[in-house]
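In order of appearance the chains are A, B, C and D, and numbering begins at 1 in each one.
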């Protein structure tokens, strides 16, 4: 099974964006999750937080808009929307840790059946570790969504019974958006809500985690 | 011995003011310590903090200056000096607790030979207790000065071997300014630095705490 | 997302009995008098109120206390020259008091908003207000372990809001507003003025919009004259 | 009380060997490049540097690391596409790394300035970065006990100072400045502009003057154009 079976990354970003309620306060992690902002309707009233100290972040800055003092958590120049606010790092992470953001979207190496998240470190001894805000984001928002390919390049499935990579947070992921399916992590198990180019039975054969079918549940 | 022997409260306030170095950041407690501000030279560069959320507090407001949104910790209308700043209560007490203020001046019921302070509660069962910022102020500043009459109205001496009133803070007072003398609370004992209308021997007879004479030490 | 509501009554109407209500203000400065009086009208009772003082005079928090709607006060300085309603209830044994040093009160409220589980503070160590609490010596200094104070509702007075709920305050009336706004499940704010989005410089916002659930404008001659 | 000094060199000249230096900035935004380069010139070595990142490119913190002056980095995100000097020292075993989740790093610095002895944070609970640390369950949530991070010196970049040292920042360059300014024995600030006392509205001050010991103005074409 290759990635060509499922949906591409832009479609995945659109799928996540469609699930973000109007008026939500959202943090989009570095990398793939950043794409979600391209699919948020301008009238949706979704407000973006960037943990380096801003609420009301606008799109990426280009040309004359670029201001070295105005960047996102990925250190990319961004813009400011009307109604924005700035705050220092302790206040910004208080906002995150205190549960005030509705949704945080992150990438992952692995997600476990219990919602444990591994996304900061491969664990390889020669890798220099770097965590940034990953551990704060994982446990801070009311809901944590993960966006990832269901399998890694070597075919290893990333939705697992137990994470083998170093953990970022325990029982913190509520949904996993992948190229092949959307999974809901619920107290009694993992529910498949949507499938993309595969059927439920194919998923159960691929994934080493008990799955429930949302359509028959 | 009556209060008429020593100095009056205005002279006492002037004595405290004279000991505050130029450029200090100072919190003056409610009541008697407030008088100290009357004796700070305008050019001294002493900046006043009020724990309800302001640095750079000016004198009491009168007439048209009165603004109900601008009060001191005693809830008295005050004014704002150029270079002032406002902050919320958590930031204001972080400033105090974090040791950023040079001097805090407070009143007291009792001070012990070790610098323990009792100034928030008489301990009488029919008194409604109220602590306000007393416990934060007592331990927060780099130095805590106490201003008080050396004896209460019934003649009881307030510099004591051990406080009998409920404590505000442990080992926090560095100097005690009284109508009869200025005492320095030092690790090896209490040093009499100045006397007002009494001599050192008279003080040793009055106070039930071993005293050292700064002039002969 | 914020709702701009028309009346103080509407803003607090769903406050439940036995709720914990955080009330901003230091003395009268920053006290949300109209929201408290609306709370009086809405009938909620058996409340725990967290506020620096326990009411001044006969209005606002003092009126709520007088009417017996407050089961417990969490505050630093209940006793004032004009706290007669609290004083009477306290002496009659009709109100519970949790006395908290002012800086610990502020830090506990801040901790609730910041997701901190507990913290060691030096304030109160060795005093009767630390009786029964966990203590620890860290680098030679004595500390007391204190826990966050969460609210079901925060009633906050601010100076100005934009239509998204970004707030600015005025002078020492800022006091508990920003930390209480962050510490409650539902934050209700009364302001003197509501301005269009974009009217408040993002550098000057004190309470970002995401902390605010409802805003109501209260016309006030006094404050409009002062602003 | 603040001193306005003429040069960055003078501002950092007394930094001692083995000092703990807090360095503001997130990536390049808010990084006090000129103060760090002056620190390079003043010769202090065996430093512990606390900063979100471990240097970008070849200047500023990266240069300090390259020259072997940093014994230990305390940071959240050392590894970046342009952190080659840190990477080389780390792989050679010539620099110690204490990796701290970004929010815990900010909160530990804030705790140092606020006189908090330690605090329980949920971030990192159950992960390798909590290994060996005290943990506790409070109301069903797991927390890790974290301690304050004090600095001997803080090097901070702000936008504007008045002559008393009141500071304002600009956009996301604010990041660690306000909390680091409060967490060090000596706080040294570089700004683009020094204005007369009274020029900054007291409601807009982000770092009050008492946190600031030295201010130096650094002319900058880039930032003057942007401001």
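The rule we apply is simple: a contact is a pair of C-beta atoms (placed from the backbone, for glycine too) under 8 Å apart; a residue touches a chain by one contact, two chains touch by 3 or more.
What you are looking at is a predicted structure, and each value in this text was computed from that prediction instead of being measured.
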{"item": "A-D compared against A-C, more contacting pairs", "value": "A-D"}
{"item": "Remotest chain, chain A as reference, centres from CA atoms", "value": "B"}
{"item": "Separation of chain B from chain C, taking each centre as the mean of its C-alpha atoms, in whole Å", "value": "29"}
{"item": "Distance from the mean Cα position of chain D to that of chain C, given in whole angstrom", "value": "33"}
{"item": "Rounded Å distance, chain A centre to chain C centre (Cα mean)", "value": "35"}
{"item": "Two or more partner chains touched - positions in chain C", "value": "107, 110, 114-116, 121-122, 169-171, 202-203"}
{"item": "Sites on chain B at which at least two other chains make contact", "value": "54, 80, 86-87, 93-94, 96-97, 140"}
{"item": "Topology of the chain contact graph, where touching chains are joined (line, ring, star, complete, other)", "value": "other"}
{"item": "Pairwise chain contacts under the document criterion", "value": "A-C, A-D, B-C, B-D, C-D"}
{"item": "Of all residues in chain D, those that touch chain C in their complex", "value": "107, 111, 114-122, 136, 138-139, 141, 143, 147, 168-171, 202-204"}
{"item": "Chain B-touching residues of chain D, taken from the complex the two chains share", "value": "1, 110, 112-116, 162-164, 166, 182, 197-198, 202-203, 205, 208-211"}
{"item": "List of chain B residues in touch with chain D within their complex", "value": "22-25, 45, 47, 49, 54-56, 80, 82-87, 93-101, 140"}
{"item": "Chain B contact footprint on chain C (complex, rising order)", "value": "26-30, 52, 76-80, 86-87, 90-91, 97, 99-107, 109-110, 121-129, 142, 159, 169-179, 206, 222-223, 226"}
{"item": "Interfacial residue positions of chain A with respect to chain D in the complex", "value": "50-54, 67-72, 75, 80, 86-90, 92-94, 96-97, 121, 126-136, 139-140, 166-170"}
